[in-house]
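There are structures below to look over.
Each of the next two complexes has chain A plus one more chain, namely chain B in the first and chain C in the second.
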Partner chain A sequence: MPSIERLKDMLLEGAGARLLILPALALIGVFVVFPVIWNVYISMTNYALTGPRARAYEFIGLENYVRILRDPSFYNTLRVSFMFTLFSAIIGQAFLGLGLALMLRAKEPEGVLGKITRALKITASILVFIAWIIPEVVAGYAWSAITSKGGLISMLLGINDDIYVRYPFETIVVANIWRGTAFSMILFTAALEGIPQYIYEAAEIDGAGPWYRFRHIILPLISQAILVDFILITIWTYGVFTMPFMIVGPSGQGGVAQIWTLYVYYDAINVYEVSYAATAANIMFLIVLAMIIVYLRAIGYLKKW
Partner chain B sequence: MVIAVVVLKIAKIVALWTLLVVIALFFGIPLVWLVLSAFDPNASPEFRIPSTISLRNFMLLVEPVSGVPPLMWIVNSAIISTLVATIVTITSILAAYVLTRYSFRGQSAMLTAFIVFRLIPPLILALPIMILYRSWGMMDTIHGLVLAMSALILPFTMMIAESFLRSIPVTYEEAAMIDGCTRLGSFLKITLPLAAPGIATIWLLSFVTSWSQFVLPLMIIKTPSLMPASVGLQFFFGEYGRVEYGKLSAFSILYSLPVLIVFLAVQKYLKRGIAGLVSR
Partner chain C sequence: MASKTLLYAVIAVIIIIVIGVGVYLAVPKGPAKIKLVIEYGEPWKDLVKPALTKYIEEMKSKGIEVQEKMIPYGQDFVKVITNDFAAGTAGDIIIVDSFMIPSYASAGYLYALDDFVSKWSDWSQYPEPMKKIVEWNGKVYGVMIDTDVRMIWYRKDIFEMAGLPKNWQPKTWDDIFKAAEVLKENADKIKSALGIDEFYPLYIPAGTKWGEGTTMQGFYMVLLGADKPPYNRLYDYDKGKWICKSTALWRAFKFYIDVYQKYKIGPIEYNFAPDVWATHRKVFSEGKVAMDIGGSWEWGEGWGPKGVAPLKACVGECGNDTTCYTNCEAQHIGYAKMPGYSGGAHGEPQFVTVSGGWAIVLNANLAKDKNKLEAAWKLVEMIASRDNIAKFCAKYGKIAPRIDAVQVPEYAKNAYLKNVTEYLKFTDFRDALPDYPKVSNIIQEITEKIIRGKITDPDQALNEYCNMLKETVGADNVVEYQVVKS
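And now, the complex of A and B:
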C-alpha cells in the first residue's frame, strides 16, 4: 500500500504530471480555438443579430463569400486597412522608433550641456512610453478631444471644425503612431545596446563618418531586429480596433477611415449582419495568419518550409 | 579652424535638442491636456491652463452617470482583473512547468501554436465568443467575461512563464529530490520561490492587460452596472455629441494610475522581454 506521499509523487512523476497543462489547454481550446472554428461555421449561415434569423438561421454555404468578393465596401476596407498599416506602422512607428533609439544613444557632452541633453532624452522617452501603456480607451478619448472643434490641433491648423471628421484617416494614422512608437523604440534600443562599444571606436579610428557608420555597421548588425519589428508592428497595427473606434466610430466617418476591424464591428452590431461580419473577419484572419507565419520563420521557428 | 569645430559641435547639440523637444511635445500634448482638463471645472477640448484648479471633477465621480456611479466601474475592473490575473498566473505556471520539465510529443508544435494565439487580433475572437455566449446564456455575465479574457491573455503569459521557468536550472530540483524531497516538495520549496519574481511579473502584467481590455467587455457586457471601466467610460459621451470633458478626464486619470504603477514596477523585465521577441 503506497503512502499518500508516494501517490502524490506518482502523480507528478509519471504521465499524471503532464495533466497539469490541461487547465491552460482547456481555456485556450474553448475560448480561442473553438471560436475561430465557430466563426467559419457562422460565416456559412445567414445568422443575424436580431429578428427571425437570430433564432432560426440556415446553412447557406459560400454565399456570403461570393457576396463579399463583389462588395465595393469590402474592397474599400481592404485598401484603407492596407494604407493605415503602411503609414502608421512601417513609415510612422518603425522609423520614428529607430530615430528615437539612435537619439537616445547620442553622445552627451561634458557639463551643463550634457545634463540638459540627458534631461531631454529622459523626458521624451518617458512620454513616448506613457503613450504606449495607458489604457487604449483613454488614449482614444484624449485624441478625439484634442482633434475636436476648438481643440489644440484644430487651432494649430486654423480649421474651425472637428479634425477627425474632416481628416479621419490622417487622424487615426497619427494617433496610432503616437500610441505604438514606444515598442519600436524599446526594441531598437535593446538591439543597439547589443552592439559592442569597440566596434564604434574601431570605425571611428578608421575615419568612418556618422552616415557610413550607420549604413555599414549599425544597420547590418540590427537587421534582425528591424525585420522582427516590421513584422510585429504590422501584425499589431493591422489588428488595431479600440483607438480608431473611439476617434472615428464604427462607420469610420462614412468609410473613409473604416479599417477592417471597424468594418466587422459595423456589420455585426450596427446593421446586425453577423454572418457577413464573420465572413469578413475570416478573410482578414487569413491575412494575419500569413503574417504570423512570416514572423515564425523570421525568428527561427518553421525552418523547414 | 578651432572655432569652426566648436560651432559644428554646438549646432549638433542644438539640432538634437530641437528634435527631442518636438518629439516630447508630440507625445506630451495629449497627456498634458488630459491632466489639465481633469483639474479644470470648465474643461473643454481647448488646450489651456485652468483659471481655477479644483478637484471637483474627481469628487463628481461618486454621482451616478446613467444610473451608475463611475467609481463602481473602476471597482468592477478591479474585481475582473484580479480574477483574470489569478486564473492566468496559476494556469500558465502549471503549464509552463510541464513544458519545461517534461518532454512529450507535439511539445514544440504547442509552443508555436501559443505564439500564433497571442498574435491573433482580439476582435477575431470577440465576435464568435459573443455569438457563442448568446446560445450558452453567458452574455452579460462576469464569469463569461473573466473566462474569455483569461483565454485571450494566457498565450502571452504562458510565454513569459515558460522563459522564467526555463531559466531556473533543473539541477536544483534534482538535488532536492536526491536529498529526499518529493517532486511536489521540490516544486513547492525550490521552483516556486525561485520563480517568485516571475510569478509576480506575470500576475501584474496580466492584471493590467485585463484592466485595459476593451473589445471583449464591449461585446459581452450590456448592463451598465456590470461594466468594467473601459466600456463604462462611454456614458460620459452624452447624446448629440455632448461630452463631459472634466469628469471624463478625471476618470481617465484614476483609471490609468494602476497601469502606470505596475509598469514602474516591472520595467526592469520589459526590455528583456521585448528583446526576447527578436530571436528564438
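And now, the complex of A and C:
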C-alpha cells in the first residue's frame, strides 16, 4: 500500500516530477516557442495580410533579410530604438531610480525639518509608483493631452504648440522615464538595504566623505543590482509599445520617433506586409539577445572579480 | 489510510468528469441554430440597426440569431477589418471600404455574390459604376451601401470676414492659393471674431495617421486635376503598370509642398492628432480651418445636427430643430468643386472629384454552410433595400448608390444631396487593384515627410516615391513618363 510519503516521492521526483512540468512546458511551447519558430518561418515567405499573397504565399528564403538590410528606414529605426533605450532606460530610469533610492535612504534631520523631509519622501515615492501602476493606454492618452497645445506641459514650458508633434522623440523618452523609474528605484532601494550598517559606520570613523562612501562603498556593493537593472530595463524599454504608439502613432511621426516595435506594427498592420515585419522582429530579437549576452558576461566577470 | 482516501477521491473525480462529458455530448441540442455575425463601423449603425431589427423579428422562428460586432469611432475600420479577415475572426456579413474589395477578394476572404445578385431584382437599380466598384476579376463581391464625392468645403462666414465671396468657386489651383493668401492676411481679424487661438486657411489631409484618407480625400483630388487623362492616375491601364514618375505626380507633390511649406497655409499638427478624423471635423466646425478638402458625407456625419462636430452657432440658434439647423448650416458652410490645376486649359479635367464608398460583403467561410449563406444574403438584401439605404443616406448626407433612392421622400427632399449628386457626372475612381493599399501607403508616407519638412522639393518627393514604389510592386511593374516641371 502506497503511503502518502511514497506518493509525494512519486510526484516530486523522477518520472512523476517530469510529468508535472508537462503542462507548463506545453504552455511555453504553444505560446512562446511555437510563435518564435513560426515567426522565423513567416519571415522567409512573402506572406501578406491581404491581397493574393495572403492566400498563396511562397517560400523566398532570405530575400526579406536582404531587403531589410538595404532599407534606410530600418536603419533609422535601429538608431531611434538605440537612442530611446539609452536615454529613457539607461540614462533616465536607472540614474533617476538610483538618485531616488539614495534620497529615500538619506538620514532625516531632527525636528520639523525631518518631518517635512519624510513627507517629501513619501510623496515622491507615491508619485513614482502611480506612474508605474497606471494602465499604459491611460498614460498614453494623458501624455498626448498634456503635451498638446494648451496642455499642462506645453503651458509650463511656454511652448504654444503641440510638443508631441514638434518633439516626438523627446516626448516619448520623457514619458518612458516617467513611467519606468519606479522599478529601478525599488531595485536599488532593496540593494541599498542589503549593505550592512557597520560598513558605513566604519567608513565614517575612517573619515570618508559622502562622495567617497558612494564611490568606494555603495557603488561596488550594488554593482550587481545595477547590472540586473540595466538588463531588465533594457529588455523592457526595447519592447515598449503602447505608450509611444498612443503618443506618436505607428509611423513615429514620419520616422522621427519610430522605435522598432512601432516599425514592426507599421509594416504588419499599415502596410499589411507581415513577413517583412516578422523579419524586422527577428533581427531585433538577435540584437536584444546580443545585448543580454554582453550583460551576462559582465555579471560573470564581476563575480570572478 | 489517508493515502487510500486520496486515491478514491481522485478516481471519483475522474469518473464524474467522464460521465459529465458523456452526458453533454449525448443529449440532443434541439434544432440546429444559425448564428450570424455582422461586423461594421459605427458610422453605419443607423443603416444596420433598423434592418437588423426587422430581420431578427422575421427570422426568429427559423432559429437564426445575429450577433453584432460594431467597431467604434476612433478606430481605423479598414485596419481592424483587414486584421479580422487575416486572423479568421471577421464577421459573416461585413461592411467594408470598397477600395479593399480587390485586395480582399484576391486574398480569398470574400464570397462571390454573382448567383445571388443575378436573381435579385434590386440589382438593376445599381448603375454601372456602382457595380464596377464591387467587382474583381469579373465577379461581384459586394453590394454598395453608400457612395460619395469629394470637394472643397469652405466657411462662408469666414470668407465674408476676409472680404471673399460667399459663393465661391475656384477655377484653378491658383485661385485656391489666392483665397488662402487673403485668409492668411486676415487671420488676426478672424481669430478675434471667432474667439479662436489658431487659424489655417487650407487643410488637405496628409500623412499616415489619415490612412487611406490622405490618398483619397487629399492626393487623388490633386492628382486627377494635375494633368490630362490618362496621365493623371497612379496606374497605367494600357501597360498594366504603376506610374512611377509623371508630371501629374510631380505637380501633386508640389501642391502639398506649397500648402505646408512654401505658403505655410496648412495645419501640420492636425495630421498627427490621436484621432485625425475627429480633429478635422472639430477644427473646421470651430472655424480654425477655412477650407477643407474632404468628403461629401461630412455635411451630415461631420457638421450635421447629429454629426461628430455640429456648428455651435447653429446649435445655439436652433436647438433640436433639424430644419432650422440645416438652413443655418447652409449659411455657414459652402462647398466648391475642386478645379484642375489650370482649370482645364491644358487638357486636364476642368473639375475633379473622386468617388468611393462602402459595400456590404460576405465572408468566404460561408461557402461551407449553405443555410447560413442563404440567411446571410437575406440580411444583405434587407440592409441594401431601397428604403433602408435612402433613409440612412438622407439622414447623414451620403449619396445613395441606388437610382431608386429618389423615390423615397426623405431622400428626394434633401436639397444638399440633390446638389452633390451633380458631382457624380464628372467623378472618377481610385486605381483599386490588389496592390493599391500598399501604393496608397507610400503616398501617405511621402506626404508625411513633406509636412514634417523632411522632403522639401517635388523632385525629391517624386524620386522617393518612385524608389519606394519599385521596392513594393517590383521594378518590372512600373512605368516612368517624362516630367514637365511647371
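Observations on the structure shown:
Heads up, the rule we're going with is that the second predicted complex is superposed on the first by the 275 of 305 C-alpha atoms of A that agree within 3 Å, B and C clash if a C-alpha of one lies under 4 Å from a C-alpha of the other, contacts with A are read in each partner's own complex, and residues count from 1 in each chain.
Throughout what follows, contacts are C-beta pairs under 8 Å (C-beta built on N, C-alpha and C of every residue); 3 or more make two chains touch, one makes a residue touch a chain.
These numbers come from a predicted model, not from an experiment.
In the superposed model, A:270 makes contact with chain C only, not with chain B.
By the touch criterion defined above, A:149 reaches both chain B and chain C. Touch criterion not met for A:111: it reaches neither chain B nor chain C. Judged by the touch definition given at the top, the superposed model places A:141 against both chain B and chain C. When both complexes are overlaid on chain A, the residue A:186 reaches chain B alone and has no touch with chain C.
Once chain A of one complex is fitted onto chain A of the other, the partner contacts of A:251 are limited to chain C, with no touch recorded for chain B. Judged by the touch definition given at the top, the superposed model places A:220 against neither chain B nor chain C.
Note on chain A: of its two partners chain C and chain B, the one contacting more of its residues is B. Of the two partner chains placed around the shared chain by superposition, neither chain B nor chain C is touched by A:158. By the document's definition of touching, neither partner reaches A:61: not chain B, not chain C. For the contact definition in use here, the residues of chain A common to its chain B contact set and its chain C contact set are 141, 149-150, 274. Interface residues of chain A, counted against chain C in their complex, comprise 1-4, 6-7, 49-55, 67, 71, 141, 144, 149-150, 161-162, 164-165, 246, 248-251, 253-256, 266, 269-274. Looking at the complex, you find that chain A touches chain B at residues 5, 8-9, 12-13, 17-18, 20-21, 23-25, 27-28, 30-32, 34-36, 38-39, 42, 47, 96, 99-100, 103, 106, 109, 113, 116-117, 120-121, 123-124, 127-131, 133-139, 141-143, 145-146, 148-152, 155, 178, 181, 183, 186-187, 189-191, 194, 224-225, 228, 232, 235, 238-239, 241-242, 261, 264-265, 268, 274, 277-278, 281, 284-285, 288-289, 292, 295-296, 299-302. Listed in rising order, the residues of chain B touching chain A in the complex are 9, 13, 16-17, 19-21, 23-24, 26-31, 33-34, 37, 44-47, 87, 90-92, 94-95, 97-99, 101-102, 104, 112, 115-117, 119-125, 127-132, 147-148, 150-152, 154-155, 158, 182-184, 187, 208, 211-212, 214-215, 229-231, 233, 243, 245, 248, 252, 255-256, 259-260, 263, 270-272, 274-275, 277-280. Taken in their complex, chain C has these residues touching chain A: 2-4, 6, 79, 82-83, 85-86, 100, 103-104, 106-109, 197-198, 207-209, 211, 268-269, 272, 274, 434-435, 437-438, 441, 445, 448-449, 451-452, 454, 471.
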